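You will see chain A twice below: alongside chain B first, and alongside chain C after that.
And now, the complex of A and B:
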């Protein structure tokens, strides 16, 4: 149960970041998992002990957890800035293609550059925050779920404040009409870049939280499915509505875990695993058909 | 001269849309730029506003060379434009549309919204007051909470002008402001524009509608096939045989 809360929390973080990028700023970003992977690997490389003889990686800085955590957000944000330099000017689907390609490249890089990432072996046995205060793994799970809820609340607070600030208002204006925003004297590339970078920072932090949850990092965790799931959570919950994002993440994680728990025979398990995607797809289609703005749509503010 | 256009040309591929056009706009004047469809008015207009870089020539705004600047830099310097079909932030309210515009909002820096809430709030209050006053001046107070997407074409046009005035511009560029709005609202618009001039604004109006423009402008330039072919007061323009020929067709 605690695990489900954690996963929900992590997908909510991704949906929150995506909402800033897409919901507020209108950037179609299919590179979520790329920044997620950068965040996760940044944390691990910053905090990992020096490599042992069987390890292929060269850098393990063994820094305190806190620095690793801050680093995961900052490094992810920095990479977003680098990607944004050429890509942020791209319109609509072109940005989607560029960011998707970026995420794919990141996954290949992390698989193949063994000196940095230890290849497919990855990193295992990653320490968890405040673990030493808990006797059993079970009681720690509940604490960690609580920690995740706290972090989601934090991100929620920061992002909803940003969205209601003049910064958020200008982003929305750019989303609505770029030409008019330019005529209003707005440097639209700069605003988009901010949205892109802040989103990446939050996705990077989510990477750290994910690493603590799985306690291992391998490249195969960071497939494009993560991006799609974040998008589906945002879309079915309601783009622009914070409660909707949590609801969306809950539904998606609920479907994933329900099919996992139902496993009976090996044969049935395969079918159920595949049916997960069918169920998600079906829900997405139904929502788009009957509630195109999501279960809880965005509300317009009134002055 | 608050705005000077010097030998500006604009070429799209093989098409010469504007060819060595030069004209000036005097402070606090209402200057017209007219010409039949396809004369290059909108292209020239977009060059001035920074939407297209001119292929050749220079544009000066307040003695500063602005050709080559981006549209937002030009807007921030006080040269505000409107669009031929009114453009707005559709899924935002009229009030929000106006409040987006002002320059130098501290809250536009993402971290300021988080750490400097008080200052941001104060500034928001000022901006809100200013927007409210503009809407009241234009008789749009009741629509302040309407979405732009739900306004009539005429209302959208006036809101667009009000929105651009939030820039505190010195020159307002209007691209066919009378297009697509009914005669009653056109009269309202003329009153609005004359009042703006009284308040010290300079207006440059692009139109192909001679009637509308001659009732407003002090001075008119006529553009034909990308070149300025005549200039003068409205009376002089009406008597100019070249203009008559261009507009009514030559004597066969």
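And now, the complex of A and C:
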């Protein structure tokens, strides 16, 4: 149960970041998982102990957890800056394809460049924050779920402040009418870049939280399904509505976990696993068809 | 001479990708959205081909025809049920609906066939050898000829028939085509039928060359997107060249890069092309 709350929280963070990028700035980013992976690996490489004889990786800086956490957001943001430098000017679907391709390249790099990532073996047994204060793993789980809720609340607070600030209002103006915003003297590319970079920082932090939850990092965790699930959470919950994002994340994680918990015979297990995809697809299709603005739509703050 | 087998397999990959990408671009031009579910149409064709070929023991070419036919109809039904009713919502909603549709098709296929990869039973064909180096197998040659033949057939259809010309008219200017009295609904249906048929063929061809697996749709849609961007999103002839370039460069890259990077080569090319020539190498709609 605590695990579900944690996953919900992590997908809510991804949805919050996507909302800043897409809901506020209108950027279509299909490379969420790329920044998520960069965040997760940055944390691990910064905090991992020096490599042992069986390890293929060369760098393990063994820095304190806190520095690893800050690093995961900063490094992810830095990569977003590098990607955004040429890509932020691309129109809608071109940006979508560029970021999608970027995330795939990242996955191939992290799978193959063993000197950096230890390849498919990845990193295991990652230390968790405040773990030493808890006797059993079970009680720690609940504490960690609480920590995640706290983190989501922090992101929520910061982002909603940001959205109401002049910066956020300019982004919305750009989303609604780019030419008018340009005519009003706004440097569109700079504002979009900031939204892109801040979004990446949040996704990077979410990467750290994910690493603590799974306590291992392997490349196969970072497949494009993560990106789609984040988008589905945002779309069904309601772009521009924070409560909607939490609801969307809850629904999608609920679907995923429900099919995992139901124990069944081997033959039925395949069908159950497959029905997870069908349920995810169906709910997305149905919500778009009948409630295109999501279950909890954005309140109109533009006019 | 060492590079010739890579060149041949690049040609095979390229021609298969060409069929998949042309179908994708047809929908992109007519409906103006990125149809992420197109990769799953290929997968569906490939699995139906497996059913007829292996489960029912049909000859591969007979199985090919039957699977293409069914997939074509299913593709059209998907258009009627899922996409047509929400057209007015805008192209981003269409894109996300196609993501939903992709998951539904993926799930249905996995529920029916399981996660184990499948292989067709294609009769072992003679391999053409020059100086003892295997150059091309009969199956590979058949795939190249059939795929290029279908692409040429599509070209004739688009340039010589009234329906084909109407498709091209709609692709370049929807409202003008409408004003000129073209029945755009009928033409859109034809485009979806064509797109699904081409997708199914691409799927079955890749089944004949390699294996069929459930994640294939997600892998292939990325290559299709890459080829489409390379050729200039939606330009029908541009993407054919884009597909050949992607196919050849992926298979030739194996000579200098570890083979695990093969697909990454395609994505890296997309990123480079988007940075320097976002309108695609052959022009197209551009920025």
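Following the convention adopted for this analysis, the second predicted complex is superposed on the first by the 301 of 303 C-alpha atoms of A that agree within 3 Å, B and C clash if a C-alpha of one lies under 4 Å from a C-alpha of the other, contacts with A are read in each partner's own complex, and residues count from 1 in each chain.
Here is the rule we go by: contacts are C-beta pairs under 8 Å (C-beta built on N, C-alpha and C of every residue); 3 or more make two chains touch, one makes a residue touch a chain.
Small disclaimer: the values here were computed from a predicted structure and weren't measured.
Trainee: May I ask you to name which of chain B and chain C touches more residues of chain A?
Mentor: C
Trainee: Where does A:188 make contact in the superposed view: on chain B (first), on chain C (second), on both, or on neither?
Mentor: In the superposition, A:188 touches chain B alone.
Trainee: Of the partners chain B and chain C, which touch A:198 in the superposed model: first, second, both, neither?
Mentor: After superposing on A, A:198 lies in contact with chain B but is clear of chain C.
Trainee: Quick check on the superposed pair: does A:276 touch chain B, chain C, both, or neither? Answer first, second, both or neither.
Mentor: Once the two structures are laid over each other on A, A:276 reaches chain C alone.
Trainee: Just to be sure I read the superposition right, which of the two partners does A:160 touch: chain B = first, chain C = second, or both, or neither?
Mentor: neither
Trainee: With the two complexes superposed on chain A, say which partner A:169 touches: chain B (first), chain C (second), both, or neither.
Mentor: Once the two structures are laid over each other on A, A:169 reaches chain B alone.
Trainee: With the two structures laid over each other on chain A, which partner does A:104 touch: chain B (first), chain C (second), both, or neither?
Mentor: second
Trainee: Indicate the residue numbers of chain A shared between its chain B interface and its chain C interface, in ascending order.
Mentor: Shared contact residues on chain A (touching chain B in one complex, chain C in the other): none at all.
Trainee: Which bits of chain B are touching chain A when the two form their complex?
Mentor: Residue list for chain B touching chain A: 49, 51, 70-73, 75-76, 80-83, 87-93, 95-97, 99-101, 103, 105-110, 112-114, 120, 123-124, 128, 144-145, 147, 160, 163-164, 166-167.
Trainee: Note which residues of chain A are touching chain C in the complex, please.
Mentor: 28, 86-87, 90-94, 96-98, 100-102, 104-105, 108-109, 111-112, 224, 228, 231-232, 235, 270-271, 273-285, 288-289, 292
Trainee: Contact residues on chain A for chain B in the complex?
Mentor: Going by the criterion above, the answer is residues 158, 161-162, 164-170, 172-173, 176-177, 179-188, 191, 194, 198, 300-303.
Trainee: In the complex, go through chain C and note every residue touching chain A.
Mentor: 34, 82, 85-86, 89, 92-93, 95-97, 99-111, 114-115, 218, 222, 225-226, 229, 233, 258, 260-261, 263-264, 267-268, 270-271, 274-275, 278, 287
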